[in-house]
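Shared between the two complexes below is chain A, which has chain B as its partner in the first and chain C in the second.
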Partner chain A sequence: MRVEYINPFVESAYGVIQEVLGAEVERGELYLKSTSMPVLGVAAIVGLAGDVEGRVLFDMSKETAIQVASQMLRSMGMEPIDELNDMGRATITELANMITGQAVTKLHDLGFKFDLSPPAIFTGDNMEVSDPGVEALIVPMQIPQGKVEINVAIRERT
Partner chain B sequence: MKAKQDFPSINERKAQGLKSTGEPYRVLVVDDSMFVTKQISQILTSEGFEVTATAADGIEGVERYKELYPNIDLVTLDITMPKMDGVSALEKIVEFDNNACVVMISALGKQDLVKKALLVGARNYIVKPLDRKKVLERIVMSLNR
Partner chain C sequence: MAEKTSTTEMLRSTGTLAAEQRSPEGEDGGEAQRADIVDFKMVTFSLGGKDYGIDIMKVKEIAKIKSYTYVPNTPHFVRGVYNLRGDIISVLDLRRMFNLPVEEKEEGQPEDGLILRLEENLPFGVIVDRIDRVVGISRERIQPPHPIFADINLKYISGVVEHENRLYIILDVDRILAKEEEAPEASRGTEISALAGGSGTEEPGEARPAATGAAQPSARASETEDPEALTFEFVSETLATFAGFYVSDVNKAWMERRFGEWVRERQESGQDTQLSSAEDAAQYLRDFYSPHTGAFWPEAYGEEFRKLLPSDEPRGYTVWNPGCAKGFETYSLACILRSQFPEARLKIWAHDNDLLSVSTAPNLVVPLQGVPELHRKHMVAGKNGYAFSQEIQDLILFEYHDITSTNAIPEVDLIVARDVLSFLPVQQQQALLSEFSERLKEGGILVIGKNEELPGDEWKAVELKDIRAYRLKDAGG
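Coming up: the complex of A and B.
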C-alpha cells in the first residue's frame, strides 16, 4: 500500500479527534497486517470506491466509544450517554465520517478521485475483519478515553 | 418609578434566527446522521431559528421541501446520504424552486464538489467539523444574499 494514501488518514484523524474531543492524541507505531485481525468491539466502517478502492475502519472498545460519544455530545451541550444507544452509534459514525471526509478531500487535492459510502457501524464481541488480497495498515491512537485504531485497507483499481 | 427603558439593555443584538418581522426563519435539516441533525438543530434553535422538519435522505428531503413550500426559508443539506445524495437533491429542489436557500453541510470539501454544488445553486457550503460560529455565520450570510 502506498504511503500517499495513508498520511491523509493519519493527519485527518489526528486533527479531527483533537478538534472535536479537545484532547491530546498520542500516535502509536503504524503496522501492517495481511491476515484477519480482531476488532475491539465497536467498528465504524466507510467504503471507498473510484481510482482506489477499499475501506477504512475505526475501531475501539465499547467503553471507549461511550466515553468518546459522551464527550462529543457534552461539547455541544447535549446529554452524555451511559450505554451505546442509537445516539451513541450515530455520534461514533459521524466521527468516522468527518475523518474520512477530510482525508478524501486531501487525497482528492493530490489527484486521487474516489467517493465515499455512507458510514456503517458494527458492534459485538469477538469480531474479526479480513480483507482478502489487501494489506491493512493500522494506525493506533491513544486518547484520554482509551485506544482508537484506524485500520485502512486500500488498493489501486486495476 | 423607573420605566423599563431606563435600564440599559445587556443584549441589544437581535437573535440571528429571526426575520425583520420578528418571526423565526423556518429550516429543513436533511442529514442521514441523527447526531448531525441534532447538532445543527441545537445550534439553530439556540439563535431563534425554527427547525420545521428533518429528513434522513435526499429523496425524503426533496419531498419535505415540496410539502412545506412556500412556508420554508432555508434547507441544510448533507452530501453523502443513502437513496439520493445531496447534490442530486439540491438539483431537484432548485428545479422546483429557483429561489430556494440551500446550504450544503458535509465532511467532504473536495473542490470540484464544492464548485458543483455552488454552480447548481447552493448558497453556501460548510465543511465539517461544525462549530456554532461557523454554522451561524454562513447561514445568516446565505439568508441575506
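Coming up: the complex of A and C.
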C-alpha cells in the first residue's frame, strides 16, 4: 500500500462520518491484513481503476447500517428506517460514495489519477472477502451506532 | 487424586452447545452466524483474567489436580510430579511460566488442570486458573496473533479467535512444551539442522504452528546442563521478546561470537549476563547492525556498493528494498543507481511495516549538513530543509506493507534487505528467503546485513568489504 494513499482515505473517512452523523468518531489502530476477511453483514464496495487498481470496502453490521442510515435520513428531515430497505441501502451507498469521492479528490490533488466505479452494496451473512495478491489496509472506527471498518485494498499496476 | 472428566464427554456436550450458538439471535446476529462449520474445537480456560484455548486434540483429559509432589531444583514453573493412575507425569503451571499472577488456592484444594498429550512426549499436566468449557469454532475464523498480546510471548500463540464476544488466545502447546521438554535422545542435534534446509514451502503470512523444535534454537538447552548454554538460550529468547530479534542460521555465527564478548563484558563490569530489559537487548545488538543503518550511505560505502552493479548499463533495473524504515538508505540507493545508470529505467520498491516511519519517507526533509556529496546534487532546498528532487522521488515507491504477506512486486535485479531477516520469526525467515530467490532475476543480487549469512548452496557469496551480498545461482548452474 503506497503511503501517499493512506492518509486521504483515513482523513476523508473520519471527516465525512463525523460530518454526516454529527458524532464523535473513535479512531482505531490501522493495520494490514492479507488473508480473507469476514464481512460484518453490510458491505458497500467501490472499485478503483487508473494508475492503481483495487477496491474500497465499507463494512458494518446490519444493525449499525440501519442506525447509521436512520441518522443520515433524520438529519435531512426524512423518516428513519427500521429495516434495511431500498432507502437504507441507497443511504449507505451514498455514504461510501462520499468518502471514496473525497479521498479520490484529495489524491487527485496530489497528482494521482483514478476513476471510481459506482458503489455496489452487499448484504448477507457469512460473507468473506479476499483479494489474492493484495494486502488490505484496515481503518477501524468506533461510532455510537457501532463499528465501521474501511478496508482499502489497492495496488500499483506492475 | 484426580476427579477426571473425560474429554469425549465434553465433546459430546458441545455438539449441542455449538448448535445453539449458531442460532441467529442476539443483537450481534451477524457475528454469531458466522460460526458456520465447526471444524476446530478447543478447551478454553483463563489465565490471569484472559481467555485462552488449546486445541482439543492435544488434550488428553481435564483433571482436578491435587497432591502432587514437589521436585527440588526445577524451574519455578514446574509444580512437581503427579501420579496419574500409575503414570508419573510432570505438572507445569502456565501462569508462572508466563509470569502471570497466580491465584492462591488453599492448601489441599484441587486445582484446575489439563493433561496434554503431545506427539513423542509423555503426557504433561498444566495448571491454569479455571477451565471454562469446550468451544467449537470454524478454523477459518482463527486469525494470526497480534503483537498486543505481549504478556505472552507471541511465538507461543498460534492464533486468536473471537467467539461470542470473547477473545480467545489459542496457545501453541507444541511450542510451549517443546521448550521445556527434554528432547528425546534420538532427535538431538537434528533440530537445528532442520533450520538450514532449503526452501520453505508454506505460504507466507499463514499462521501455522511450528513443528516441534524445527524452528527454535531450543535444542541447545536440552543438549546439556551447561549453565552457559542455558544463558545462551535465555539470551536468545529474551532478544526475541525485547528486540524482535530471532536467532537462526542467518545470524548464528554473529550471535555466538557476540555472546562470548557479552559474557566477558558483563562479567568484567559485574553485571548480570542475562538481558532484563529492552535497553539490555539494544546494548547486546549494538554492533549487529550494518554500517550506516538509518542514515545516508557515505561515498566510500557507496563505491563499494557499486561493485555489485552490472558494468554495462541495463535498460531497466528494478530493486526491492524491504525494511526501508524512514527511507534514508533507499534514497542513497536511488542516488547511487542514478549516477551509475544515467539512462536506465529505474524503479525501487521500498517497503516497511512501520506506518509511522514509512509515512515520513516520501517527504523526507533534512538539513544539508552531513549529507554526502553524491546526494546533494539531487536535493532541492525547501522551506524546512532539503528534500530530494522529483526525479529521485519518482524512482522510489514507498509502501506500507508487511513482507510476510503476499508481495505483489515484479521480478527484480537487486534486493537490499539489510538486517531484515533476523527480525522475523525463524519460520518466516525461511519463507522470505525462498520468496527472495523467486523474485530475483537469474544472477540477481541479494544484499543482507553485515552480520548475517545465508545457509544453503542456492546462493553464491560476493566478497566485499562491509557488505554482505549473494548472487542467486543461475537455474542451470
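The definition used in the following text is that the second predicted complex is superposed on the first by the 158 of 158 C-alpha atoms of A that agree within 3 Å, B and C clash if a C-alpha of one lies under 4 Å from a C-alpha of the other, contacts with A are read in each partner's own complex, and residues count from 1 in each chain.
In the analysis below, contacts are C-beta pairs under 8 Å (C-beta built on N, C-alpha and C of every residue); 3 or more make two chains touch, one makes a residue touch a chain.
Treat the numbers as computed from the prediction; the structure is a model and nothing was measured.
Aligning the shared chain A places chain B and chain C next to each other free of steric conflict.
Contacts of A:Glu53 after superposition: neither chain B nor chain C is touched. By the touch criterion defined above, A:Glu11 lies against neither chain B nor chain C after alignment on the C-alpha atoms of chain A.
In the superposition on chain A, contact of A:Gly41 is made with chain C only, not with chain B.
Using the contact criterion defined above for the overlaid structures, shared-chain residue A:Asn97 touches chain B, although it does not reach chain C.
In the superposition on chain A, A:Leu30 makes contact with chain C only, while chain B stays out of contact range.
In the superposition on chain A, contact of A:Val134 is made with chain C only, not with chain B.
If you stand at the C-alpha centre of chain A, chain B and chain C are 160 degrees apart, rounded to the nearest 10.
By the touch criterion defined above, A:Lys62 reaches chain C but does not reach chain B.
In the superposition on chain A, A:Asp125 makes contact with chain C only, not with chain B. When the two structures are aligned on their common chain, the gap between the nearest CA atoms of chain B and chain C comes to 22 Å. When both complexes are aligned on chain A by C-alpha atoms, no chain A residue touches chain B in the first and chain C in the second.
Chain contact summary for the complex, chain B toward chain A: residues 32-36, 38-39, 42, 80-82, 106-112, 127-129. On the side of chain A, the complex with chain C involves touching residues 1-4, 6-7, 30-36, 38, 40-41, 61-63, 125-126, 128, 132-135, 137, 155-156, 158. Chain C contributes residues 24, 27-31, 33-34, 36, 140-141, 143-144, 146, 205-206, 353, 355, 358-359, 361-362, 397-402, 405-406, 408-410 to its touches with chain A in the complex. Partner chain B is touched in their complex by these residues of chain A: 16, 19-20, 72, 76-78, 86-87, 90-91, 93-94, 97-98, 100-102, 104-105, 108-109, 116-118.
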